[in-house]
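First chain A sits with chain B, and in the next complex the same chain sits with chain C.
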Partner chain A sequence: MARHDDGVVTVGRSRIGTFFANTTGIVFGLVMIFPVYWVLNTAFKPDSEVRSFTPTFFPNDFTLDNFRSALGEELFIPSMINGLIITAMAVAAALVVGFLAALAIARFSFYGRKAIILIILAVQLVPFLALLIPLFLMLQGANLTNSLVGVALVYLVLLLPYTVWTLRGFISGIPRELDEAAMIDGCTRAQVFWRIILPLTGPGLVATSVYGFIQAWNEFIIINTLNNPQKQNLMAWLLYNQTERGTAWGPLMAGAIITSIPVVVFFLIIQRNIATGLTAGAVKG
Partner chain B sequence: MTRAARPSFCRAGGTPLLTVEEELKMHAVDSRPTPADTPQAPPPRHVSRVRNRSQRDSRVAWLLSLPTLLILIGMLGYPLYRMIVLSFQNMRLKELFSGATPPWAGVDQYTKALTDGVFWGVVGRTAAFTVVSVTLSVLAGLGIALLMRRVHAKVRIFMMIAMMFVWALPQLVAAQSFRWLTDSDFGVLNYVLTQLGFDYATHSWFVNPWEGWAVITTLVVWAGIPFLAISLSAGLTQVPKELLEAATVDGASAWQALRNITLPILKPLLMIVTTLSVIWNFGLFTQNWALRDGHPEPVYQTLATFSYTQAFGRSSYSYGSAISVITVLLMLGVMVFYIRQMFKIGEVD
Partner chain C sequence: MRHGKYPFIIGFLAVPVALYAIFVVGAYLQMFRLSLTDWSGYGTFKDIGFDNFVKLWNDEVIWTALRHNGFLLLVMPIVTIAIALLFAFLLNVGGGSKGGMTRGVWGSKIYRVVFFFPQLLALALVAVIFQRVYGPDKSGMINGLLPDSWEPWLFLADEKWALTCILIVLIWQAVGFYVVLFSAGMGSIGQEIYEAAALDGASRITLFFKITLPLLWGNIQVAWIYLGIAAFDAFALVNIMTVNQGGPNNSTQVLSMQIYLNAFKYSQAGYASAIGVVLFFLALSFAWLTLRVTRSDSVEA
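Moving on, here comes the complex of A and B:
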């Protein structure tokens, strides 16, 4: 049967067992996806269907009103623009700064290298929210609260350790023999960097910046604490919106969808690569 | 030279990563404990020209790392120091506005926390939530990963797609969707339960803390399963088929094969994903914050929200800092364990 070619282990396989496994798998998938479906379902319903004691499992009256009213909210578009600006600044800065450090860790053996690796690893585990109090006071002192730059600075620190760590992996993946061959041919270290390492790290830079985008875009506690309502991002807008008009579920879900779209799309794009990368690595091993 | 031989080479050719955990996982999957074939590039000491060059290299390397280090020191190291100092002071709104140095308070903030039943309640609640949620999500993740090996290829793809969407969903959006599902008036959960014959019409899920925490835990486990299941299922491909077949031929039951073959091979990866889950879930903030409308009642406070509420809700910046310091100290053991584990599996060379 077909299921024997799909490369799964055949230990303890019986017909009933397989049927049971497949059913469980389908039920699991449906349960997992249901909340996501419910957000979509709600966003396309008119308010009368949303606020109904007998919820409809498909929108009877398909409507885009909720999206219109979310987009029409006073602070929605400004929040979106703020989010884009902050994210772009933080990701770009993290990429430039992080790439240099990644290069050092991946390509040089020097005294203190292990210490830097240890710092990079440890820093990723620090619960960042714990530092919010002193960061708030510092930025307040530097007049950087209620500013996009202040938030971008904090996000930069949030992204930097991960950026260094990931780029390090990509750079280590480039065979050193390439560097050495180029140097024998008379390239300087700088030329090796520009002509070999940087072009070959391209995909890594894309993946890292996409992940950085997701991180910065999804953040809302820091920006909510540092800035006034006029200088929030979309995620924080969702939280505000919830608190002030908690019952407007339709527009809230529509806003949630608009906010999630870039993240989900980006995530699914790089995730595909991960899934293949994972199995490839596993098979190669 | 040594790196080229490692499987990580394939990643340079356009197989980007997603998170650092992803990478750990990959290496956990990839790693073969063969320290012998990954020696450090030994500095050739015998040629003086080479030595000069390696000294120069060292300078260049430090120069390259400098911006990163400065940012980390300025925006992480210094705040950490400020936080510790702050926890020994008594900073309130007055000092925030006047910019004056807050009065010293010695260990008052710590005494206040450690002698406060409310604080201990928060610690116990956070710890209990972490244990329960991590146990549930790791077991579920492992179960799903094992299940994915037994199902038809099409079912497996469906499971993957469902999990990818859940994984991609921003935490806050996921929390909002659960808030909506469990809404007392129009939530679909109450409707379905009522249809099934239970009286859940206009039932409020957050009046009884056990029920409320059940909702929060479900949300966290649901959102955590994709990472765990997909990581572990990648890890499972490392288990040699021949071993499992041999075991079956020798009359081992499925359970024995799992216990004696699969789990030992999976152990390093399992340790890492469990540790990460502990670190993440111990810092629970978004989910209880959003589900409780940004004002968690005392029974829904965790260490992270408690510290935040003290500082930004009540302007007790010093008390909030002291709680943060205690939180970090509580997590320190887990973090050290994680980093040691990373060194052990050879991720850090």
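Moving on, here comes the complex of A and C:
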């Protein structure tokens, strides 16, 4: 805390309080980080060391075997590809459908607008698990079980409320005067949407697509119920595989790391803007 | 801006409305319909009126599950919001002040990233990891750290503490997100407000209760709703972590787990749908109550 001791007058703050605050921060930080550290620690340990009753805080024999054995599993790569296809379909569709719906809600007043907003919000409030049975029946009836498209459709419905709500916040933040000025200059309404509102909603589109990616990529209950073992995503495969063979912690943790990589990469890219994305939905308009 | 807006409105809303009509409204209608039948999940079924609901009323496991949901609903949001507020505050204005400028505790930039870590791990992976943290013998993470002379703690295998173990994971997982959310909210509170208060000699505690808390109220309300829903669900953790999916001896049983078990394990899809109907109305009442309290802030459009 040397930086505090450079002769600057501190106002209204006791040094003991500062020390206490810093300590709390460190302790809490450790609690938050410890399980994550432990995943890494386990993934790089050989099996004998993982099973040992005396915990080691760093792998004594650093090894990549766990990653090799996870990647070598028969269904690992196919499940990863399934997950990517489903996620891409669901997120892309949610962006297009969600952006247009948000436009309609943010830029027009019409009969039933409030009802639509309420329904969008209400759906988010009910645990989706209650719908698992009827959804299974519907998709079965439409021949969409054991299919990537069926799962993507369900994910699209799950992602829409957040997408519409967040984008609506962003669009409401764009002054209507911009639309009007552009229309006076001869833009059609469609051109206003395409050339003015869409680019200005950019950060919102990024935020919602990252959120959508994480949700769809990490989902496992719906896909596990709808699809057979050949058509799972990586998360469902990982969990299913765990119960199947008893727990091989090393490869499981290695698999967990691989599963988390896309999410971490996304996070690092948009880290700075995350807070903006989170709060934008709350903007009134 | 009046003429020709309806083609846009209809065109823009047709797809989402259709999706909702089929996958949400349609699905709920079907759930209501099935809740009045004795359907097993395969083959044919017949209508049995409200028999499922009578059975529900007399089902002790359901009442136990309901109590557990209630416990999570009461404790989880309060504790999560309290911890998140405290840390968001520490990160933003809790550190020393320098030349009248308030700032976060030492290392607050790192914490901002660290607190988001749990968000990067899927809930399912968090469940798997904490299974290991809670391991009931010396290979468990906590028990491994305890002195050798101690009896190992049972955690999830202990009827008394199993639900609390789940609660802790729920909080651990959620807290980071709300630290970031509240931090963003605090960031939008003008520095000069804090500076003025600090110059007047306000302590950290005064700053927190007189400035931060009132100005963040909107964010807190949103957090409350989301956490409440997470507490209603809790399925992923209970499903993956607990002994016998809701055990030991139903001590971690929750409604969503009951739906799943009845529908896909016990071949009682009709009964599971009836539980679904109950969950639906409970969740909606919770949301309605919360929205009523916060009406002017969040539903205005």
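Here, the second predicted complex is superposed on the first by the 256 of 285 C-alpha atoms of A that agree within 3 Å, B and C clash if a C-alpha of one lies under 4 Å from a C-alpha of the other, contacts with A are read in each partner's own complex, and residues count from 1 in each chain.
The rule is simple: a residue touches a chain if its C-beta (ideal position, glycine included) is under 8 Å from a C-beta of that chain, and two chains touch if they have at least 3 such contacts.
These figures come from a predicted structure and were not determined experimentally.
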Answer with clash or fit: chain B and chain C placed together on chain A by superposition. clash
Which partner, chain B or chain C, touches the larger number of chain A residues? B
Under the stated touch criterion, which partner chain does A:T166 make contact with: chain B (first), chain C (second), both, or neither? first
Can A:L125 be said to touch chain B (first), chain C (second), both, or neither? both
Once chain A of both complexes is superposed, is A:R15 in touch with chain B (first), chain C (second), both, or neither? second
A:Y211 contacts which: chain B (first), chain C (second), both, neither? first
Should A:V27 be classified as contacting the first partner (chain B), the second (chain C), both, or neither? neither
Touching partner for A:I174 - first (chain B), second (chain C), both, neither: first
Tell me which partner A:I81 touches in the superposition: chain B (first), chain C (second), both or neither. neither
For A:L64, using the defined touch cut-off, is the partner it touches chain B, chain C, both, or neither? Pick first, second, both or neither. neither
Jot down the residues of chain A that show up as touching in both complexes, chain B in one and chain C in the other. 3, 8-13, 17-18, 21-22, 24-26, 28-29, 32-33, 35-36, 38-39, 42, 51-55, 97-98, 100-101, 103-105, 108, 110, 113-114, 116-119, 121-127, 129-135, 137-138, 153-154, 156-157, 160, 164, 189, 217-218, 220-221, 225, 235, 238-239, 242, 249, 252, 256, 259-260, 263-264, 267, 271, 274-276, 278-279, 282, 284-285
Could you please specify the touching residues of chain C with respect to chain A in the complex? 1, 4-6, 8-9, 11-13, 15-17, 19-20, 22-24, 26-28, 30-31, 34, 41, 83, 86-87, 90-91, 94-100, 105-108, 110-111, 113-126, 128-130, 132-133, 137-139, 141, 144-145, 172, 175-177, 180-181, 183-185, 187-188, 198-204, 218-219, 222, 225, 229, 232-233, 235-236, 239-240, 256, 259-260, 263-264, 269, 272-273, 275-277, 279-280, 283-284, 286-287, 298-301
Touching residues of chain A toward chain C in the complex: what are they? 1, 3-4, 8-13, 15, 17-18, 21-22, 24-26, 28-29, 31-33, 35-36, 38-39, 42, 51-55, 97-98, 100-101, 103-105, 108, 110, 113-114, 116-119, 121-127, 129-135, 137-138, 153-154, 156-157, 160, 164, 179-180, 183, 189-190, 214, 217-218, 220-221, 225, 235, 238-239, 242, 249, 252, 256, 259-260, 263-264, 267, 271, 274-276, 278-279, 282, 284-285
